[in-house]
Amino acid sequence: MDITLDFGGGAEVLFNNIKKRELKLDDGTKWTLRSFLQYMKDNLLTDRLELFMQGESVRPGILVLVNDTDWELLGELDYEIQPKDTISFISTLHGG
Amino acid sequence: MDITLDFGGGAEVLFNNIKKRELKLDDGTKWTLRSFLQYMKDNLLTDRLELFMQGESVRPGILVLVNDTDWELLGELDYEIQPKDTISFISTLHGG
Amino acid sequence: MSQLTKQQIKRYNRQIIVPSIGVKGQVKLLDAKVVIVGAGGLGCPVSSNLTGTGVGTIGIVDYDEVEESNLHRQLLHYESDVLKNSKVDSAINKLQQMNSSIKFIRHNILINSSNAFDILRDYDIVVDCTDNVATRYLLNDACVLLKKPLVSGSALQLEGQLTVYNYQDGPCYRCIFSKPPPPETVQNCGDSGVIGAVTGVIGSLQAMEVVKIIMNHENVMSGKLLLYDAAMCSFRNIKLRSRRKDCEVCGDNPTITKLINYEQFCGMCAMDKNPNLKIL
Amino acid sequence: MSQLTKQQIKRYNRQIIVPSIGVKGQVKLLDAKVVIVGAGGLGCPVSSNLTGTGVGTIGIVDYDEVEESNLHRQLLHYESDVLKNSKVDSAINKLQQMNSSIKFIRHNILINSSNAFDILRDYDIVVDCTDNVATRYLLNDACVLLKKPLVSGSALQLEGQLTVYNYQDGPCYRCIFSKPPPPETVQNCGDSGVIGAVTGVIGSLQAMEVVKIIMNHENVMSGKLLLYDAAMCSFRNIKLRSRRKDCEVCGDNPTITKLINYEQFCGMCAMDKNPNLKIL
């Protein structure tokens, strides 16, 4: 299954500074955002875990989007990823 | 065939001030931008023809887009419209 | 006020003739009271735009003095203001010359839980142009408790964000971020920098949202988040959740009914001060 | 210049620490020469942003005097400038106070085919902040013939547009609009109005593109057109054609090899003057 993964607000620094990438997820399994976060932790994260996650979810201050929609509207961790989805992790900015 | 028609830069004033609308085009025929312009002229235009068209094309100063792409990259008047296309007519702005 | 003088019609002519403004809209602008919290990178374009537009009462809140490192992006502050004037005075000195009919209110003070209600109470709209997490939570809670819309902008390096909180059943800041970020994850402009044009874009967009709220426009950025990427010159419009019914401050049964200690809540100082310049 | 003084590092610190700028980038900014044509709604935010950023040489071209109806959006002009100062003087008076180290060059003149080359020749980048069709064609042709990128912005009512012409084999204005629009289809700010925040957004975006060109950034808005709709707070990025090989001025066999009479070409005056105020 092909998906796009991207970052905003500086969150990319935790993932090798790559802002946007295409990924191929194994077709055999059902993927939820819950399992995808584990995948990211195991395969893509290049910095300390606590800068990205708390427990099984993202740490406070990161907003997760699917196709430019707040994951809260889609079931959050339970959302089932579809082919061609764009999953985004946006760190909220505070500067001015 | 369902398509979306929208306007920018003030061009909507020639079309009943409706900035964006959904249209159903007859499925039996092949539609090109050439034939679609005639359709707009015959069915949607609410102002003088010369403010919108010159000959069989749009008048100078209007840029035609399909799915946010310059029609020049797609064959201009010969482009064949596809289902779910968004066709846009953007009047270039000069003010500052 | 219900009508305009000849001079006002002349001055504001180019916006009065825009259909969605008109004379009625200009009257609303002149009657409106807006407070801008932060007279820095965002606060400067917000306040100049709203001053030009004719918002009748403009309050500016900032505790700080003008410093040299502000000048690259905080365009209301001049070289002659550095280490001489407060940001509030520096800003209003210029703004009053732009538009002598605006009533400017100076709040040369650090906004905190003790004074926030007094400062914000008499305004219609609050604009968040601050630079730190703690103050953003403070403003959010204060606006919910005082029932005022909060036009929130932020910028860092080459990115910007914009949304309107607590407006027409849209979410508040806590609806989306009920817990503050861990301090070590927070980058501020003192550490990471920011390009001035980015704050110019976001500040102008904030001013536009303020005008739309005053006009009671149907498409205010409530429940929507704008993400600006200056490197790509790209903008994304994110669909956000509605007001969270179990939100601690704006939900149906709020647990937060008065302002708290935000520095404690966030584990961070309510300011963006970086005494050590990073020199490459 | 190849290195920065301590004072420059201090002043420009918050942008120097942004990775894509750095000390090298700041040096490039200080060495750059940019001319802004038009000191109105777009020209004011462009020139203030670039002044703050430290572009070392900034030229401003405008023939006009400050009028009252400018004040709602042309934020460098104060009430005291109305009918007293040229726009060029009014702007530079403020800008020089923002940044005394910038070399400002005053071009208090109506730019036309006779003087355009002399005015534009010594700059690296041209910014189109004008308000009429004829001057836009003039600037386009001049930039092609002089081989300079043209950062073009425009605004009307609640919309804005932005692109960079004649840059890295991207299109020029004529590549897209080889013929001017019929005069009766052209709306200008005098007739239709404009909201100040819209020019603030577009002008700040133009300044950002100028910085990116100076930085030799890979994602300049060349061959791309940004459409801004302030009512919806939405932005679209349009993919444009490349340089048209049969373009009259920038094509492989150009028929336009010197500047022409643009008012004649367009059938329109090279200015946006509206003596009759529309009063609702």
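Per-chain numbering from 1; labels A, B, C and D assigned in written order.
In this text, a residue touches a chain if its C-beta (ideal position, glycine included) is under 8 Å from a C-beta of that chain, and two chains touch if they have at least 3 such contacts.
According to UniProt, the chain labels map to these proteins: A, B = Ubiquitin-related modifier 1 homolog.
If you're wondering where the values come from, they're calculated on a predicted model, not measured in any experiment.
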Seminar exercise, completed: So the chain most remote from chain D by C-alpha centre is A
For this session: Round to the nearest whole Å and give the separation of the Cα centres of chain A and chain B.
Result: 39
Seminar exercise, completed: In whole angstrom, the CA-centroid distance of chain A from chain C equals 29
Exercise. Using the touch rule from the top of the page, what residues of chain C touch 2 or more other chains?
Worked result: 157, 189, 192, 194, 237
For this session: Give the residues of chain A that touch two or more other chains, as numbers and ranges in rising order.
Result: none
Exercise. Which of line, ring, star, complete and other names the graph you get from chains that touch?
Worked result: line
Seminar exercise, completed: All chain pairs satisfying the touch rule are A-C, B-D, C-D
Seminar exercise, completed: Touching chain A in the complex, chain C uses residues 38, 40-43, 128-133, 136, 153-157, 159-161, 176-182, 184-189, 192, 194, 199, 225, 227, 229, 236-241, 244, 272
Exercise. In their shared complex, at which residues does chain A touch chain C?
Worked result: 8-10, 50-51, 59-63, 65, 68-70, 72-73, 90-96
For this session: Name, in rising order, each residue of chain C that touches chain D in their complex.
Result: 7, 9-23, 45, 48-49, 51-54, 68-69, 71-75, 78-80, 97-100, 157-158, 162, 189-198, 200-201, 203-205, 207-209, 211-212, 217, 219, 221, 224, 226, 230-235, 237, 277-280
